[in-house]
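Below you'll find the structures, each written out as structure tokens.
Presented sequentially are two complexes of subunit A, the first with subunit B as partner and the second with subunit C.
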Partner chain A sequence: MSAGEWPLYEVFVRGKRGLNHVHVGSLHAADDEMAVHHARDVYTRRNEGVSIWVVRADAITASSPDEKDPLFAPAGDKVYRHPTFYSVPDDVPHL
Partner chain B sequence: MTAVDTDAGPDTGPDPALLAQFERVLARSDRIEPRDWMPERYRATLVRQVAQHAHSEIIGMQPEGSWLTRAPSLRRKAILLAKVQDEAGHGLYLYSACETLGVSREELTLRLLEGRQKYSSIFNYPTLSYADVGTIGWLVDGAAICNQVPLCRTSYGPYGRAMVRICKEESFHQRQGFELLMTMRSGTEAQRAMVQESVDRFWWPSLMMFGPPDAESPNTAQSMAWGIKRNTNDELRQRFVDMTVPQAQALGVTLPDPDLRWNEERGHHDFGQPDWEELAQVVRGNGPCNAQRLAHRQRAHDDGAWVREAATAFAARRSGEPSLSVEPVETPGADR
Partner chain C sequence: MSTPPDSSPPPLRSSDEQSVGDPVPDGLMSHSAPDPSRVEGSVYDGLLEHHDVVGDDARWAFGTAFEDPLAGVDTTVPDDVDASALAAYCLMLGDDALVLSHRLSEWCSRAPDLEDDIALANIALDLLGQARLLLARAAAADPSVVPPLPEGSPVPAEDALAFFRDAGELRNVRLAEVANGDFAHTVVRLLVLATVRLAVLGRLVGSRDPVLAAIAAKGVKEVTYHRDYAGRWFVTLAQGTEESRRRLLAAVAELWPLCEEPLQVHETERAMARAGVGVDPGEVRDEVDAVLGQVLAAGGVDRPDVAALAGVGGRTGRHGLHTEALSRMLAEMQVVARAHPTGRW
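Moving on to the complex of A and B:
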């Protein structure tokens, strides 16, 4: 590893208790611990978070974002997974 | 809209299906994301714009930073420190966004230091009095907000998300500047004069921040067609003037433009033209502080070399790699 380019980390912040960690951006750091410190300084200067995850970008496996990607095709024709697919009488409560 | 990839040569144009998909996403005002196919010119335009924006945040720390040690009170010093630190953060958000387009941070830093990429012309003006700290917050950050708010809806996802984050922080910058000037305006005669003198110096350079007039901005049409830019330079300049005039009245300062007046018919202020030749000179590197700003950035980069080396060596040792694998940092242009 050259000192010129530290590895890239992706940063996830939990905004407050009860919420998921959400991706907020990325940064470079020499190691994991420095990545957490940098993430605090770069992404939570105004109490934007109660918890930070950092993960090296090269450790992430991604699907292709292309919406024609066949990966998402199986969900495309399964309308019966949504509650609106079912017609029930209007006057039955709590359905 | 024609977004044909001319760089690919006449007979190897982009895959029509990919281009159609790209244009469909833009047509429904959706966002382009990093791993999507995009025309090379779209990518190159974004790299230039986002990098220039990132460099501006980083270089922009210098004019105000020079007043950190001379702030008149602990309160003002803490505020100024927080603001300058925010600008560093803005630079980092934008560098990250730019890197998603396939340029490395190292390369971006190099392009700035070698003068191959620009930063905003405004930061090549000196901060001669403490009132300049207030004027920069009010006018320069104010102009930046005008520029940046529409960019929250830019077509490239990571750029737009960086802008949203930045815009949230900018309003503190503008308000602290305005408050500083208000405080000085209620001070001694000398302090009041200092505010007016500062506004006189920064007014025209602030108008120049929006770039040349539309007629001389040949890339604007393509950038707007791609949804990278959302407004023309002149539209944003007008918006800035309209927004600033009542603020100047509240401050009791005069904006140094004899042609500035409300135009009932247009529903906007008429105003004079900045000295475009001056802007051209500053952009070409001949502004009052161009050399100083780049020399300072180079020095900061060089002075940080040992920190980067040490952190890398430490990380390598902890992960069990031999620390001998650490290579010396290249410091282009360094004469030491």
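Moving on to the complex of A and C:
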């Protein structure tokens, strides 16, 4: 980050009929409150959202691409962990 | 997600296959618009997952349920309302929005940062939407206010009013029209005009003209945000750095003589207020003073003790008496439309 530049925030928006907040992008803002307002202006101007989360990008801890195999490859052959092995009743929503 | 059937095109390339130095395939440039047909999807897919996109999936990251602010509203002018006075009143409210919208839109690509560039453009578009509805209402109430255009011109009445009137026919207050200065100048102007407009629209919701009432109901939500935006920036600049405070105080000093005019009542406004159709801006003075006083106090800024900019022979912006800045602005804003009066846009 160059001197004087506002910190980076990651933005999550929940859509009108969405059930969860989804990462939509990032922006710069001077503080948390300004980040919410900037997110409203930049990411919900096409009537997409009903709720916004913002979090400073430097507050996010991410997995490293180098760890990809040990972290994720072991799940690759465990198909039996999918719920498709069970029949889901018609009246259970959101699965 | 299931595997695509054989008939569908294969993914161009998944992101983790793309190595440094590879040519970027068309459509994958980092700044290109998200393409909903891209198999690997866009960041907006998650927002769309739960939406009914049947028949509408060509639009990405779209909102749904857009509302027509005049849906179900009776657009006939109430019998006992003076139609030409109603038209003049709509032009006043509409021209304030039109002119301020244009001044704000002049910030496009020039704002201090990308996020505020978009914020100012959003506010400009809100106001342009209000201007369209109000100019269309003026034309519907009294078609004689619409400038004549060549036979067969497809230009709608609201555009004719926006692009084919001279400065002397516009009814906006002068605070809306003076040329842009720095960002602090825009913040001060927007704060004052949004504070007055919100107070006026808040009362106009009860107008006997159902169209004005509907336009006001839509506008209140928009202008609430405009006032909030300007108020936050006013305090931030006032309490920020030495330089930001210097600029803010200079903007306050420069604009304050123009800030009285939006609260002065024109005879048309008085007549429309008496008819239960419009709002006397004098009535909102206490509310405006209280709000501005709160913002000034939060910023530690003294209210300037300066005389209001006088009119000429008692005539001000509401009478069509403007500063030279408006003519210059209109020259740029109207030149293309006037060059092609029969053009279709």
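Things to note:
Convention: the second predicted complex is superposed on the first by the 72 of 95 C-alpha atoms of A that agree within 3 Å, B and C clash if a C-alpha of one lies under 4 Å from a C-alpha of the other, contacts with A are read in each partner's own complex, and residues count from 1 in each chain.
Just so we're on the same page, a residue touches a chain if its C-beta (ideal position, glycine included) is under 8 Å from a C-beta of that chain, and two chains touch if they have at least 3 such contacts.
All values reported here derive from a predicted model rather than from experimental measurement.
By the document's definition of touching, both partners, subunit B and subunit C, reach A:Leu27. Touch criterion met: A:Trp6 reaches subunit B and subunit C at once.
Judged by the touch definition given at the top, the superposed model places A:Val42 against both subunit B and subunit C.
When the two complexes are overlaid on their common chain A, residue A:Ala62 makes contact with subunit B while staying clear of subunit C. In the superposition on chain A, the residues of subunit A contacting both subunit B and subunit C are 6, 24-25, 27-28, 30, 34, 41-42, 45-46. Residues of subunit C touching subunit A in their complex: 43-44, 46-51, 61-66, 113-116, 118-119, 122, 229, 232, 236. Only residues 21, 33-37, 82, 85-86, 89, 92-93, 96, 99-100, 104-106, 161-162, 165, 169, 305, 308-309, 311-316, 318-319, 321, 325-330 of subunit B touch subunit A when the two sit together in their complex.
Of all residues in subunit A, those touching subunit C in their complex are 6, 13, 15-20, 22-25, 27-30, 33-34, 37-38, 41-42, 45-49.
For subunit A in complex with subunit B, the touching residues are 1-6, 8, 24-28, 30-31, 34, 41-42, 45-46, 62, 64-66, 68.
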